[in-house]
Structure formats: structure tokens, C-alpha cells
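Common to both upcoming complexes is chain A, partnered first by chain B, then by chain C.
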Partner chain A sequence: MSSYSITEPSPRQKWVAGTLVILYAVITILPLVWIIATGFKSPSDAISYPPKIVFEPTLEGYVNLFTTRTRQTEEYLAANPPQTWADEIVRQYDMVIVGPSRYGERFLNSVIIGFGSTFLAVFLGTMAAYAFSRFRVPLKDDLMFFILSTRMMPPIAVAIPIFLMFRSLGLSDTHLGMILLYTAVNISLAVWLMKSFIDGIPREYEEAALIDGYTRFQAFMKVVLPQAATGIASTAIFCLIFAWNEYAFAVLLTSGTAQTAPPFIPTIIGVGGQDWPAVAAGATLFLIPVMVFTILLRKHLLRGITFGAVRK
Partner chain B sequence: MTDGLATRAARATPPAAARKIRGLSDRAIAWIFVAPTIFLLLAVNIFPLIWTIRLSFTNFRANRNREVEWVGLRNYERILTDSDIWLTMQATAHFLFWTIFFQVLIGFALAYLINKNFRGSPFWTTVIVLPMMLSPAVVGNFWTFLYQPQIGLFNYVVEFFTGIPASSFEMIGSVNLAPWSIVIVDTWMWTPFVMLICLAGLRSIPAYIYEAAEIDRASKWRQFWTITVPMVLPFLMLAVLFRGIENFKMFDLVVQLTGGGPGSVTELTSINLKREAFEKWRTGYASAYAIILFVTVFGLASIYVKALNAVKER
Partner chain C sequence: MAEVRLTGVTKRFGRDVGIEDVTLTVPDGAFVVLLGPTGAGKTTTLRLISGLETPDAGEIAIGGHVVNDLTPAQRDVAMVFQQYSLYPHMTVRDNLAFPLRSPILKTPKDAIAARVREVAEVLHIAHKLDNKATALSGGEMQRVSIGRALVRQPQLFLMDEPLSSLDAKLRSDLRIELKRIQADLGATLLYVTHDQIEAMTMATHVGVLDRGRLVQFGPPKEIYENPASLYVAGRLGLPRINALPAGLFPGAPAGAKTIGLRPEHIAQGEGQPARVVRVEHLGDQTRLHLTLDGHDVITLTDVHTDLGPGDTVAVAPRNPLYFDARGARIT
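Now for the complex of A and B:
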């Protein structure tokens, strides 16, 4: 190609485009920066008027997030000196730590339900996608569309019968129930996405393996799966992010044992309303994994969000 | 149904491939691989759907143990003639129209700018994409803090850019501004989605088309309207389809932001449905409501997909 191209933007165009995009990026990232910053503010700094940009960082929000506290008499406080740095933080309000909060449990529930449903959805979805990609399944297009159409139902609409079904099967507020439910919701994404990845693997590899005496199943295990590894990994991350972020089913079908973090975080309250530093701390810990995943996924992001319809 | 499907799957598999292979035949594998997925979806989607249809003809209440009566089409009649439901439909329509309008406008503009490939564009693209991947409920809850008139960041940013005093307006509390407060957060969150799809569209246009246009001395303006826009249009329409379906179902973000209030100005259909089903416990009525919503989404989406295919074939 020559050094001059009529389709290549001029340096000035690039400069203008870059400035505008960076301006947008800075504004759009501001709420996220604010969440992270608020997690390190003291409650009075968090609700100061006007909002504080420069503040003295403290771990109070994180201490409040993970503990339950109670007010104590001065004699008690004098008799029991603070044991840890966390104790010292709550002492400024004449409080003592009496135990852990529910945040840890809820976070763990998110991990168990997220990973469980992701594993199942990707496992089943990869198999179905292989069959749809390689065999002449009758009514293939209709079945694929049926699988996708399960995603069009508003979650609240599906929640009514699922609520009744779970109640009669004893699955309400259980990890198993939530794992099965999220698997069913995620499987449409897993099938569509994995089909788009498997479609991209040349059939010739398997055919060569079949000629070498592999069975079809061996060819699938030893030839197709290794080739599809990147696809499986990105599909898994997308399923995990969905299960991680899901709120509507979680708030309607769980209340205690199996409640995940999204319905829990907004209920973190302190004195006179929401304890914003603690909420922000909880949100930060909950959002950071997804931010990391998004950065890892950036090459496959487009394919994932369009169910494999746009491959780039 | 699964059984009939399996035998048909088996018959349809080409005999050439299935011939003389040790272990499972292709036809067996095809159905073993597809069956669990179909079974799971039948159990968790289709069975409940049929159950919902059944319930929609009754006066069942999930919180009571009384005799269930068949009421025929009465639930449907009541919903379609209820003026409150038309108000929530209007709120939903307002939300749908403006979120899609802003997301398409800003998303396309951003994609167009990023496609200029300035230095560092991949990095900034990743930064812009972040809000889209986060939990809407958690983020929505935090936005109520950002929207607080005295202590929230949002009002101060508005003051910084426009000079309107920060404490003079309240986004969530006021009837006039609340519908816009949810549009703003949704636009903040989902503009990157439209942007990514538009970017893929822009990158799919081969350079030689622009080169040919340049040789023909077509102006940049003309190139934009006769090459760029028509070639990105199918992508843009796909983005609108996805956003349309998602926002029609919208629940988590808005319920955390405004809870449908003040009054019911931001009570979108999903929030209204949740009230009927899980607060008032009118299960039969809510089932009919759910069916109406499903038919609406499904119908609109099917018509839209036809239009999309027509644009693609042009």
C-alpha cells in the first residue's frame, strides 16, 4: 500500500475523534470511579455537601460491610481495649464488633450459583451446539429459534409459574433451584454462542480423525473441544457474568439461604438510610471481577453480546 | 415430542457419515447431544408457559388456599380495558423510544469516531464498554446516591456544564424528571452495546468502495449518506432489536432506581406485573398480563426481524 491513502483519516481528524471519545470515556467512567472512591470514605465524607473529591481514605466502609456492630457502655469499652484495627475503627462511634455480616455468605452464594450454572449451561450448550453445527437435525432453524425465544420472555412473567413450581418441589430458596434456573436462562446464550464458534472450526479436522479410526465421539472430544477452547472460555465468562448480575429471579425466588449479592447489596443500611460507604464497598468487591473479565474478553465481547450474530 | 424428534434426527443424518463407525452412530450422538438442552428448556420454559396460560383463565391467588374458579377471558378483558395499564404502557413506550433514540445517536457517533483509529482507541473502547457488563441492580442502586440533589455527583456535573444550581432540581423525586432519570442511566449503561455493533458494521465496509467513490469525486457528505449509513443499517437494526427486547423486559435497573415512582410515572410493565403477581398476589390476573406481554414482544420482534431481513437483502 502506498504511504498516502484516501481512506485513511488525516492526523487532524484523528486528533478530534480521539479528544471527543476520551471526553466521553472520562464522563462515562465517572460513576464507577465514584463507587470505588465512596467505598473508602467515612460516612460523613460520603454525604458531605458539596460532594468531596479530596478526602482522607478509611476502611470504615469495608469494616461496616463485613461486620455487625452494637453500641456499648463506656465501662465496657474501657474494660475491653480494641483488639484489631477494625475494632479501633468502630470504637470512634462507641461500638464493638459482635459478629460477621451476611455479605460474605451472599457473595459465596453468588459464586456457587454462578459457577454451578455456568458449568452446566456450557456443558449442555456445547453438546447441543456441536449437534446443530455438524448434523442435519430436523427442524434445526425452528429449534434454534425456539431456544432463542426463551430469552424474550420478561423474567417476571416466567417467575410466576416457576415460583409455584419451586414451592411445590421444595426448590424455593435453594442453591440447586437457582442453579437449574440460571442454567435454563443461560443455555440459549451458550448454544448460540458455541454454535458460532464451532461453525468456525473446519470440518476437515474431524473428518481426518474419523478416517484415522476415531469414533465420532472421540473426534468430538479430542479434535473439536481443544479447537473450541477459546470459545468455551468466553462463553463460560458470558454465562458467569449473566448469573452474577441477575436480579429479578434472585429477588423473587430467594430470601435467605440461597440469596445472591445483587438483591442483598441494596439492603445494606446504616443509621438513617443506606450506609453508602458500605454499599459502595460491597458494590466495588462485586463489580471488580466483572470489570476484569470484560477486559479479558474484549476480543469476543461483540460476539457474546449479540448471541454470536455478529462475529467481527 | 422428544422421542419423535430423535427418530427424525436419526433418519435425517447422512448414512455415508454414520457408516461403519465403532461406538455411537452420528444419529445417536446428535440426539444425545441435543436432548438435555431441549428437555431443560421444556421443563423450565415451556411447561411454565403452558401453566401460565392455564392460570390466566382462573382467579387463582398464590397466597390463598381457596377453590380456584375458571373465569374464561375475564382477566384479559379487564387488563385490556384498564386505564392504569395503558399508563404503564405509555411509560414503557416513553422509556423504549428515548433510550433507543439516544443510544443509537450516541452509539453510532462514538463508533464513527473510534473507527478513525486514533492512537489508544482500543484502550478507550474497553473503558467505554465497562458499564454495560455490570450488575444493573447494584449499579441502579448506587445511581440513587448519585442522583441525590444535595450530596449526589450527578447534579454537580450538570451544574458544572450548564450552570443550573445543583440543589435546584431533583431527578428521581420529581414527576417531570423521573422518566428522564431512568432514560439517562439506561443510556449510560447500554450506549456501548450499540457502539460495539455499529463499530463492527463500520469495519465490515471494504475500503475499495470509498476509494471508488473518491475517484468518482463523490463528496464526503455524499459518501457518508450513500455508503456508510446504508451499509451500517442492518447492524444498527440488529442493535435496536436487542435493545428493544431487553428494555421491554426492563426490571432490575428501574426497580432499584425509582421503584416505579414517584406515583407511578416510571412504573414500566415489568414492575407493574411484579406488583400484581407478588404484592397483590392476583396470580391469575398477572398470568394473563404476562401472556399479553409475551405475545406483544414476540409479535413485534417477528415483524421487526422480517423488516431486518428485507434490509439485509437489499
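Now for the complex of A and C:
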């Protein structure tokens, strides 16, 4: 069964609808385009007024993002000719590259913590949701409400207790600490979303598998999980988006080893003046993983949102 | 193949009765049809035998072994559900092979392929083996789910209204097919249905359930001709048995409250006058809707009858069944 319309829209209606959609798309995409474009501008182009639409692209922002640089004397510069294209870019400011910046590490931290906590939240959430959906759990409704209630307060409201707790447990500024924290915040969403998906999978599938010679766990793996793929995909996207973009806890609880990219990106601007292109380059790269993840799973996401919403 | 024995089996769902103290022996190789309205406990009985539910009391034995504590997988039964039973993310071939690939059977690959093909041929779905399960029509889906039960050659087949979602033509084809398969395999089969043609044509035994209790169990002919109660009499026969006050005709035994007259058990041309309300020509039979002292009566008449609405015809009982005030049979 595919979608249908009661009456075919007239050409004028189609034209109006098309224009509105394009207009909306432009409004939405413009900031994104601006950030991407700024990443390829020189610092002076980035802050020029009126803003430059057409500019000469440069990788300066990206070089600055990934490197640390120092100013050198002319004698030193003359004695050491530039080795790479990146060296040449920084030479125009009489600088040399002395090493990599922290951005790579911070980005990797974001990947580890974001995907790690997403995996844990979805894994535990799916297990819990299956139990709530299929078994007679004592106080089921109360427990489900309790799980939901953990999200009724903005998480940052308990920032100080968590800060103290993390300090005494030695979890401050560790990957494990951040993964646990984001998992805890996301798990109520995961349980609720997954429960509605699993409720929507008829029990008969598993019962058929039980009779066909499989254990409950095998039936879960072979029959329920493939059916729940849509729900898992959309739940994973929601969890990843939260963990990936989280800023407040990251600022508070991480500083060195486990710092994620969001609190790091603003600090780029302080290194040698207002380096907007480097900030924009950092933001652009930071956008990519969630974008790729979402595009890969978009079919599931769209179906998942409507499916989950309609279901009783 | 195996005999199935239930002894005093009871299952409650909270305060609702699933089945109550059911004792029943299904002989090896029997085709048993369970009859009863929705909520009578037919599906619960199948689920208890399959192991999807555990009884609150009583004992279930398959092939002489008590299976109360066995998982569904260990009981070696196959079940066809009313709907939803195909795994939608798999192809038809994988659906059919699924039971054979289970950790309990662990069938070798080439044996699976051969068996799947064999079953697919029998059910006329060989050309659809590589389709996704969701890309089939209703009839094809149900044939695949019957096929999934057949691939395994289990001790016992359980079928819960397997034909109810199919159209009339396919239903009658599959009815014959199922009966043939059962006879060929000599399989024991428990079958739930609302459809009395299925019950009469396929069953070797019929069990009638009323609010969780087994009220009569026997060959379909016996259930039809010798019902233990008015309730059982009403479960078989189409048009349904006419239940009339016993005093309407002379000759009722003492204590009789109701006289039960099957449509073919009404003689015409003698006895009480009744007015014709409607004549239904069905081709192979003609049904006569009568009113007798304000009671509706349905009977059969000559296919080429001249009777029409408003005519009067005299009717008298032939081989009537009498029931007391509680609905129990008086013989």
C-alpha cells in the first residue's frame, strides 16, 4: 500500500508548494553553507564587510585547526624553506608548524564517547524494553514511569552532585565516566522508544520461533531484532545526537584526556587572534559523523518516527 | 506420530477461565477439530499443548511422555497460527527452512534444500521460494506457514484456524490438501475452527468446548446426531438446529423444555400448520423460512418447490431431540 491523494493537486498548487519547500530549504541550509564556506576563507575574508559570497578558497582554516604554530625570525625562515603545502600556507604569516593541535584527539574522544554511549543506551534500552513488553514485570507501569521521570528534570540541574560523585569515584575527565553519564541520560528515551516498537511486533513471530525449535534468546536475536531494526536505528540517532552535541557536562567534567569536541572548538578562536575559519573548519568536520549516520539510517528514521508515533 | 492426553488441565488468566478441568485423549493419527465460540478455550488448549502457556493444574502428555516441564522446542510439535506467523524479513525459502535450521534439528544443508523443495511442491509455492514473505498474497502466506509446519515432520500438528483468512475457493482446495497430507503422514492433528464444513469433512473426532469446559468429544457424526446438550447441537448443522418449546408438538417426554429439530428433521404435509415467510433458492437446496405459533423455523424443501411467501404448510417433527430446562439432552 503506498500513499495516495484524494484529489490530484493543480499545477498552481504544486508550484506554490514547490516554492515554499525550496524557500524553506534555502533558509535551513544557508547557515550550514555559511559555516562550510567560512572554513575555506582566509581570516580577513571571513570578517570582511559586506560579507564575501565569492572568495578565493584556501585551506588555511583547516591547517590552523590541525596544527600549532609559532612565529619565527626572518633568518630562521630563510634558512628553513617550507617542506609541504601546509608549511607554505602558514609562511605568509611568518609562522612555522611546530606540531599537531589537540583537535584530532578531541574529535576522537567525541567519537568514542558519542558512539560508545549510544551503543550502551540502545543495547540496554532494547533489553529492558523487550522485558517490559513481553514479560509480566511486577510494578511495570510504575517502573516505566520512574524511568521516564529521570528525564523530567534538565540533567544539568544535577550537575553539581554529579560533579562531586564523579570526583570521588575517579570518573572525572575519563571516557568511561562520560559514556556512563550520557548512557544514563539517554536510557530512558531508549527504553520508551524501543518499548513502543517492540509492542508493535506481534508476539506470534517469537512464539512461532519457540515452537520451531529455538530458545527465547535465539528467537529474540533471529526474529525480534531484525523486526526492531527500524526502532533501533531511530533510537540510536536520537541518542547519538544528544551525546554528540552535549556541551554543558562536557565543559564541567572534562578538561584534558576525555574532553570532547564541543567544549574544545570555542577555544580554537583564542589561539592567535580571531581565527574564524579554523572554528568553522572544526564545526564543519564535527557535523559530518552525525550527518553521515543520519543519512545512512534516514529510511529507518522517517519510518521509525511515524511508526512510533502512531502506535498505541 | 503420537497420542495426546490431557488430564484435568486447567488454565486461568487472572480471573478469566482459559480452560477448566479438561480431560481428553487424542488417539494417534486422529484429526481432531475443536469447536466453540470465541473465548471457549480452543486456542488456549492448543497453546497449552504447544508449551506457549503452562497449565495451572493437570497434566499434558504427548506420545506417553508428560511434557508439562518441557519448552515448546523440546515438545516436537508444529503450530500454524491464525495470522502473522511468517517471518517478514525472510524469504519464503528461509521461512520454510527456519525450523530445520534450529539448534534442535541442525539439519544438513542439502537435506534442508531437498525438504523445502518437496514441501513447496506439495503446497504449490515452489515458484515463490525466493520472494520476500511480505510479497505474497494472503493465501500464499498461509500456505507457507502450513509448509513451515510440514517441513519438520513433528509428533503433532496444531492448527489455529489456518484457513479462516482465505477466500472460499482456496479454502476448499486447501481443506482437501490438508486432509490428504494428514492421511498420508498419518499425523496427529489438532485443529481449531469456526467453520463447520471443515469440522465435518476433515475431523475424525470433534471436541466441543463451552466456556473452558469440554462438553462432548466424539466422531463428527455422533456429535451431529447424538448431541449431549442443546449447546452442542447448535455447534454443528447449517442452517442451525431449530430450538422450539417442547409443547409445540405432541409427544414430548416428561421434563422436556425444548425440542430440537434439525432442518432436515421436519416432515411436511402433516401436523401443525405453519406460514411460509421466505423461500431461499440456493441451487442445490431450497430453504424454507416458516413461522409456527410465532416461532421462526427453518427447514429444507424440494429444490423446485412451488411454495411462496404467505402459503401454509403443515409440519411435524421427525427424529426430534429433547432437552431439559438446563439444556441437557433427554433420551
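Please note the rule applied: the second predicted complex is superposed on the first by the 277 of 312 C-alpha atoms of A that agree within 3 Å, B and C clash if a C-alpha of one lies under 4 Å from a C-alpha of the other, contacts with A are read in each partner's own complex, and residues count from 1 in each chain.
What we mean here is this: a residue touches a chain if its C-beta (ideal position, glycine included) is under 8 Å from a C-beta of that chain, and two chains touch if they have at least 3 such contacts.
Note that the coordinates shown come from a computational prediction; the quantities given were computed from them, not determined experimentally.
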item: Touched partner set for A:Gln227, first chain B, second chain C, both or neither; value: second
item: Chain B versus chain C as contact partner of A:Gln218, first or second or both or neither; value: both
item: First, second, both or neither for A:Leu176, with chain B first and chain C second; value: neither
item: Contacts of A:Tyr247 with chain B and chain C, given as first, second, both or neither; value: first
item: Larger contact residue set on chain A - chain B or chain C; value: B
item: Partner chain in contact with A:Ile288 - chain B first, chain C second, else both or neither; value: neither
item: Chain B versus chain C as contact partner of A:Leu296, first or second or both or neither; value: neither
item: Chain B versus chain C as contact partner of A:Glu204, first or second or both or neither; value: second
item: Residues of chain A at both interfaces, chain B in one complex, chain C in the other; value: 210, 215, 218
item: In the complex with chain A, residue positions of chain B that touch it; value: 5, 8-9, 11-14, 17, 21-27, 29-34, 36-38, 40-41, 43-45, 47-49, 51-52, 55, 62, 106, 110, 113-114, 116-122, 124-139, 141-143, 145-146, 150-153, 156-157, 166, 188, 191, 193, 196-197, 199-200, 203, 207, 210-211, 214, 235, 238, 242, 245, 248-249, 251-252, 256, 269-270, 273-274, 277-278, 283, 286-287, 289-291, 293-294, 297-298, 301
item: Complex contact set, residues of chain A against chain C; value: 202, 204-205, 207-215, 218, 223, 226-227
item: Residue numbers on chain A that touch chain B, as the complex places them; value: 5-7, 9, 13-15, 17-18, 20-22, 24-25, 27-32, 34-35, 38, 46-51, 124-125, 127-128, 130-132, 135-139, 143, 146-147, 149-165, 180-181, 183-184, 187-188, 191, 210, 215-218, 220, 241, 244-245, 247-248, 251-252, 261-263, 265-266, 274, 276, 279-280, 283, 286-287, 290-291, 293-295, 298, 301-302, 305-306, 309-310, 312
item: Residues of chain C defined as touching chain A within the complex; value: 50-52, 71-73, 77-79, 81, 83-85, 87-89, 98-99, 102-105, 145, 148, 152
